[in-house]
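By letter and in written order, the chains are A, B and C; residue numbering begins at 1 in each of them.
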């Protein structure tokens, strides 16, 4: 049982980071961005490309499966993906903003298909990995105790880094001027404007933050599972479920939602088999829509 | 006569897609509802009819009806759940439907045949006409008749009082809301009817090919239907119909060309490139001619 | 002495071809309180929103102490010296009183402290969630937020809307204080009597254009005002 929870937390970490960015754009830019999953995929692959340019840094650090090269690449990828998100807005979403949220959703669907297929075309369909080094799971609790609990070092790192990132993000949104401006814009765009908050600046910031977080999530997914060109679309439903569960615009909601969806997926693997993972996210979505469509911490109806 | 055979194949598919696109047009063009999971509703119809006819001996007509009914019920479920909520929630939920249907179709092997799908789906009129060109043409005639009936029915519907209310809702929701609870009901009715058409299309597809598998109902199908609607012009039944034929033509031609240029081993990449091209086409249309090629009825 | 605010033949509206404000003109002198009154649908709200940059302007211009602000985006207005207090949703309900004011201060690199001195009640309630305040207190917060940027001109859209008469009196008293401290005030008001009692001059807006602009003392006895409200031709 503990293992199910632990695995759920790992899956959930990836989903949480992606969901935060998605929740921000849904609250500030005000549409459901179906290309957000592709930002995770591109983030993961960009890190792969960059790290392959520095083969000497691939030597694993300590017990982890990857070397410094990957960590550096992750930062580079975060920057690159942030720019990619901004680029998407500039050439596509910005022009369609006047046409309403549904047009933006349609456009994002189209952008997602293009991004995914460019990736497929470029990288091929075979799964890839950051490192060929195998990881040995470290037992934390023995198997005799309710099935035991084991973590690989990579998984622990992902968990710790996710918590650190989320905490940092919370502090940023709570105390920095830009962060508070973003929250204000999500709450009440017109009032934010007359208060002196530049809506374009907030928009750019939310795209870039969303892109950067997605890239990190993608790298984490690549570390803990694998890289596939379809990894973006495979995560899309869990991402949306997490955002809606947590409530649009709420960072902690997205985090909690992500963890809960991760747990649901992990539980479904145990109960119904690994093939039904994606159906678990759908089940979570249906339940929250039936019970509490605003989500747990929804800031805006 | 390979040309005639090829043409009949092309036209049957185009007509089936036209029926599906008409359903999508009802949901989106006339009611402003964004269904991202078209492939899911099509799959429900296809599998329903396939299983009922192949495994339980139902007549094809019964299968078609059941297909439309079950897809309609799925539409009812989804619609009741999300049509009163934020606009994009419908997109997310229908997306979820498509994903979940795929997962179930692929894995509930005893029910759906898993990745191999359902084979030996009965073809209507097979007893009289056998297989081959004559049957293809007869099936084409059947589908065209259905398409014609559906088209005329839809035209009548959108020009009826019901259709006018629908248009009012789409144009000016605030005023329409004074009509009260009924806005939701109108939207729901439209969504359910559109879903039924998608299910019917799926069933027609199943009975034409004689076998279906989960891979026949991937998101690419949803994408194709949307491309047809966007190019033809949402809000116009004629546009939906013409869009289906045009885009299907473009799709088969580009597919053929790409297969010629790109070596066999890279077919997956060729398919990816094809999608990118169509994606560019759609994005271009959205930015340059958002109304599509055929004007809507205002 | 240049006027605080000059609105010249302004045409504005949400839809390009359908202006709600149709050629309205108004001069507001520095240090005075001007009220915009008129029947429902006259475009009073749209007029002030157009000045504040929230409604698109299709013709005419707005001058703030001589500077053309017609095309200035809404979020730059506070930096030009013009603050706007909307009628509804005029505070961030999920933030505390302090967070509301401190955010406004941070954005303009100002300070919330001077405003607390003008609104001691708000200081006492600074930890309360804005959404939990009463209507009157919320309105005070909205006005206070507008003053953070030390504007030269403060524009308010129906500040007494939804308030009890007692609270409305308090809000208006506060506005008088604000004017006395040197801020020019332009407000839209539905309550004619209260508006005329508060303001120095008033403009009656009908169908997007001003019909009478005069001193309130004179308007109190003017039959034309009643006629314009009741729709009879003047």
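In this section, contacts are C-beta pairs under 8 Å (C-beta built on N, C-alpha and C of every residue); 3 or more make two chains touch, one makes a residue touch a chain.
Not measured: the values here are computed from a predicted model.
Asker: By mean C-alpha position, what chain is farthest away from chain C?
Answerer: Using the mean of the C-alpha atoms as each chain's centre, the farthest one from chain C is B.
Asker: Going by C-alpha centres, which chain would you call the most central?
Answerer: A
Asker: For the chain pair with the highest number of C-beta contact pairs, give its two chain identifiers.
Answerer: Chain pair with the maximum contact count: A-B.
Asker: Report, in whole Å, the distance between the mean C-alpha point of chain A and the mean C-alpha point of chain B.
Answerer: 31
Asker: Where the CA atoms of chain A average out and where those of chain C average out, how many Å apart are those spots?
Answerer: So the centroids are 43 Å from each other.
Asker: As a quick test, compute the distance in whole Å between the mean CA positions of chain B and chain C.
Answerer: 53
Asker: Residues touching two or more other chains, restricted to chain A: which are they?
Answerer: none
Asker: Note the residues in chain B that touch 2 or more other chains, in rising order.
Answerer: In chain B, no residue touches at least two other chains, as defined above.
Asker: Provide the residue numbers of chain A that touch chain B in the complex, in ascending order.
Answerer: 26, 31-32, 34, 92, 95-96, 99, 101-103, 105-107, 109-111, 113-114, 117-118, 120-121, 124-125, 233, 236-237, 240-241, 244, 273, 275-276, 278-279, 281-282, 285-286, 289-290, 293
Asker: Under the touch definition given earlier, write down the residues of chain A that touch chain C in their complex.
Answerer: 177, 180-181, 183-184, 187-188, 190-199, 299
Asker: For the complex, which residues does chain B have touching chain A?
Answerer: Spelled out, the residues of chain B in touch with chain A are 32, 34, 36, 81-82, 85, 87-89, 91-93, 95-97, 99-100, 103-104, 106-107, 219, 223, 226, 230, 268-269, 272-273, 275-276, 279-280, 282-283, 286-287, 290.
Asker: What residues on chain C touch chain A, complex-wise?
Answerer: 52-54, 73-79, 83-86, 89-95, 99, 103-104, 106-108, 145, 149
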